[in-house]
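These are the structures in question, set out in turn.
The same chain A turns up in both complexes below, where it pairs with chain B and then with chain C.
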Partner chain A sequence: MSSISLSLRSYAPRSVWSLIGTLFLFLGAWVMVFPFIWMVSSSLKPTDEVYDANFSIIPRTFKGFENYYEVLFNQPYLIYLMNSFLVCCGILIVQLLTAVPAAYALAKLKFRGSSILFGTVIAALTIPINVTSIPIYVALAKTGLLDTYLAMMLPFFISVFAIFLFRQFFRGFPDSIIDAARVDGFSEMEIILRLVLPSAVPAIAAFSVFSFVAHWNDLYWPLIVVTSQDKMTATLSMMQYQSDFDTDYGRTFASATVVTAPMVIAFLFARRLFIRGITMTGVKG
Partner chain B sequence: MSLGTKKRAQTRLAYMLVLPATLLILGIYILPILTVFGISFTDYSLVSNYYEFVGLENYRHMLADEAFGNAIVNTLIYASLFLPSSFIISLFLAIAIQERKQFRSILEVLYFLPVTSTLAAMALVWAALMDSNQGVINHWAGAVGLGPFNWLGSETMVLFSMALISLWSVIGFNMVLFLAGLTAIPSSLYEAAAIDGADHPVDRFFRVTWPMLGPTSMFVAVTSSITAFKLFDTVAILTQGGPNRSSEVFLYLTFLEGFEYFNMGYSAALSLVFLGIIFLFALVQALFVDRNVQY
Partner chain C sequence: MARLTLKNIGKSFGKTEVLKNISLDVEDGEFLSLVGQSGCGKSTLLRIISGLEAPSRGEILIDGQVVTEQSPKQRNIAMVFQDYALYPHMSVAENMAMPLIMSQLPLHARLPLVRHVAPSARRAKPSMATQVETVAKQLRIDHLLTRKPAQLSGGQRQRVALGRALVRNPGIFLMDEPLSNLDAKLRVEVRREISELHHSSGLTFVYVTHDQTEAMTMSDRVALMQGGEVLQVAAPNTLYTNPVSVDVARFIGSPQINILPVQSRPDGLFLGDFNLHLETIGKVSDLQLGLRPEALSFRGVAGLQLQPIKPGSIHLPFQKRMVEDLGPEILIHGCFEADPEIEIRVRAQKNTDYGKTDQFAGTHKLQVAIDPTQLLLFNAHGLRIQPTPHMAQSLGEVVT
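What follows is the complex of A and B.
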């Protein structure tokens, strides 16, 4: 009873405020999305229209086809995109292949040194690539491996975050099922592949999204190890514009759109998975 | 007997499973960190093979180095602009969105969009929007009688502009974290507070939401602080530390010393300071989480 009268009492003024609040939220959302709208709109325009401060979303002269054709077929953007894709896939595959078994062993098997290993994993969680980049760079330089796909992927072949995450996940898997499977004559590998791994698919999917997005968007490491055009990643290619590499602004923003599009489109298709995958990394600290 | 061999087989399997990861951790984390320590006590430079042990010289140099002081100050100014705003705005957004269940998913998507996008590419867009002559932002500011602002070209404004771009790119991330925290607060607490007379939204916030959100707030504060300290992409793309070093932040300076000037020894010392600061943040978080568990 009292809650009904309470809500009635506050209903009238609150609905006005609520409406204003909703309007502000959508206004804020417009601000968040505006740079994307501006970018796509500019990518369809000729240069002089891009820097016309009197912005209109619909181009007065449509140059979209030329801009995108130039970027994709006369400039090496397809190669850049391919490089990014290859590097992200390579990193992710090795990360999964190394982290999943290690995490299972740490979660479910007893062996000497397991607590030292896990402690090291936790400590390594706080170490970003920016700290280890010098020795890794020097080692790659001395072995003549700079400017190779291997150099672009190597520092990320192990994800201590993935080990940590999967270990937490595997620990939740009931021991009784594993023991029953052992009694039934399942080998340990069969247990991992047929019982535990399928149950970890949500965690693996979320981590995969995180890893892919993080390395697609990474500028720091490619900037250090990549020197040639044919190894350049999509994100690194944006550095070319820092010194007015291309004075055709319509084309510039067509290339920015091409670089941003894969992650944004993937996000729109798998919203839940993206939000979960990217925010869980906060654990990384 | 068979139990014993089984156990031994299991241990052997465990070692096989952790072997690749262990080797990679050794090669990618342990060895490099030890090497960074070692290099930081030398004057090693990639351009010459000759180097010598200089003891703490690199660390002493830091204290006298104007560029170091400048980078620290720039980072702190940037962080003091970025941290409070990114915290408060995302908290407000989360509360407002939480109350509007019917719009929650669409708003979540719109605000989260910048988080997934490629910051290096979007930085170019921001540069165009912030252009002092033909940029859309100055055009709109002019329409209400403000500006024109020299967003990226003025020494006094550039860190503010960097903070603005970072804010845009991170709000959705913090907001989702806050939303998760808010969803976990049982509605019975609000009902109990309402019976106690705390019905006004401000009362509800300070009596229930804020105390219950403690761990989430701490988490957001720590991750944002680390993000703030890692500012790199927008600086590298938009200003390269300029104008006149006014946007040269800590990580960017470390990068310049190491990979532009090849002062590896000094850069190694700088990156260890960088690690120390991140470690401090992690420690704060760990201590807080522990205390929270005791409650």
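What follows is the complex of A and C.
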């Protein structure tokens, strides 16, 4: 009983200002959540109702079954999910394999040109994928790699953002522990694997969440390099209901709902990791 | 067990020279301390001995073998750090077993995942466990073996760090200010334990500290460093009573030694215009006179019922400024009354040298007596001048 009243009391506004603050937060939350509500609501409507100027959340004509049936069973939905999963995992694994040793070297090893290299990493942070996409596309086309899993993953294998993040995190690791390990006979790789990595679990978890979500939601790159249906990622599969002549918005929204669902469910389970990932990396979409 | 020899070690970081031509010999089983203020290069020297840092010049020999190019692991040394440097997510037992795992298991038996199934790892495990346990018992940390470093107190952590260093049976034991992070009481306790460890293990110890008490109490010999150079290497007592230079005399001893600027003239040794009645080298030259605070006393001061004046003692006019009661002894701060007004510290035994505690309470002008057998003379460059037979003789003759 007391714990319930206690937790209720913690929700009660403490003053007028806190009430106003709460209202502002509520407004902000509404702005964030409303598109999702719109998405779910539209996914239950036929196309002409989606276009209707008289918007209502509850659909007048319920087309939910048709829309979702189409998305889940009239297309290889599980294949798309698996493709997304494979691509995201592949990217993440290689990103970690390359970024962790690079970050350790930049953070803890003394070598000629380390500051120039780190400067390059920072500079590379400012270059968006859109800038390099044409040369990468041409290279993939020339090597005949278009329309493969590798093509979807390759541009993201080296994440300068991960290198930067881990480097900052590793810098906080005490030098004396690394020295002690060297005296005890650890090799540099063993120092990374046995000492630095276990202490960097929060950073790695945060980055993994970040990378996974970013590439799950990525529409741009798969759209460019993938054409065949069996390689499509879940996000890309939404585009199938759009063509130059006719777009079935009900189905597109149903597809969007189904595609976002795994991430939303994952978020509910790993909310703390998500939040840490974003607070650690600063505010970034 | 090992003998350590350093030959002309030099180290520069960019243009700054932190170590200048250091040569040292550490005997097998000896306890040598490297003492000096922060920034004197003592830690860098220790890191060079350990192999964590490479010297810019010079050679390091262990048991006559050149090891300058070898990695820390190959040198068979162990090192204890100021902040303990325990592996944070490993238990005490794992921490202590790490050096054994690294030196006894082949690479494939240390790989992630593989190490849990590798037969060589499984075979070596029981013997490692016994080794760890033996050392843990010796250091009285065997009840902590399953704990993580975060669950230990500072003293316990330092013992684990000692254990991790001991377990591999190193040739040389290096310590980098291992007591600095402990509180005063614990420091004395661990200090004693390290001393005992040195005696029982018979290993060669090289110990870095900025604390002269630690160095003086534990070491066989102390190497005093300043500005990247070794000023003097000697037994603690020699360092105190027989310093080679003013810098050494200033560093060793607390409260600090009194250094008086004196001038040698044909008719004696003068502090300003005050004749100390000490005959010296004859020709006119500026010298520095070192007087330990306990070389001064108020014996023989007129009006006091104290012990009789020592023959040959000299009295200086003294202006008392502040008195610190340290219990058994008293520290009196003041200055030489005439020109130059130089600061003087006197350490006196309470009853024999200073009378009853408040005997001088109202008196500020005193006569302070110098024990002529305890004075140290340095030349203008700060180098020690040994008293000449002629001078020693004159010391005995002067009676005030």
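We take it that the second predicted complex is superposed on the first by the 190 of 285 C-alpha atoms of A that agree within 3 Å, B and C clash if a C-alpha of one lies under 4 Å from a C-alpha of the other, contacts with A are read in each partner's own complex, and residues count from 1 in each chain.
The rule is short, and it goes like this: contacts are C-beta pairs under 8 Å (C-beta built on N, C-alpha and C of every residue); 3 or more make two chains touch, one makes a residue touch a chain.
Please read all numbers here as calculations on a predicted model, not as lab measurements.
Residue contacts after overlaying the shared chain place A:134 against chain B, while chain C stays out of touching range.
Judged by the touch definition given at the top, the superposed model places A:42 against chain B, while chain C stays out of reach.
Set against each other, chain B and chain C touch different numbers of residues in chain A, with B touching more.
By the touch criterion defined above, A:193 lies against chain C but remains apart from chain B after alignment on the C-alpha atoms of chain A.
Using the contact criterion defined above for the overlaid structures, shared-chain residue A:96 touches neither chain B nor chain C, since it reaches no partner.
Note for the complex: chain A touches chain B at residues 2-3, 6, 10, 18, 21-22, 24-26, 28-29, 31-33, 35-36, 38-39, 42, 50-55, 97-99, 101-102, 104-106, 109-112, 114, 117, 120-121, 124-128, 130-138, 141, 154-155, 157-158, 160, 163, 188-189, 213, 216-217, 219-220, 223-224, 234-236, 238-239, 241-242, 249, 252-253, 256-257, 259-260, 263-264, 266-268, 271, 274-275, 278-279, 282, 284-285.
By the touch criterion given at the top, residues 10-11, 13-18, 20-22, 24-25, 28-33, 35-36, 39, 46, 93, 96-97, 99-100, 103, 105, 107-126, 128-129, 131, 133-136, 138-139, 168, 171-173, 176-177, 180, 191, 194-195, 199, 219-220, 222-223, 226, 230, 232-233, 236-238, 240, 251, 254-255, 258-259, 264, 267-268, 271-272, 274-275, 278-279, 281-282, 285 of chain B touch chain A in their complex. Across the interface of their complex, chain A is touched by residues 47, 50-52, 71-73, 77-79, 81-83, 85-89, 98-99, 102-103, 110, 112, 164, 168 of chain C. Residue ranges of chain A in contact with chain C, taken from their complex: 174, 176-177, 179-186, 190, 193-195, 198-199.
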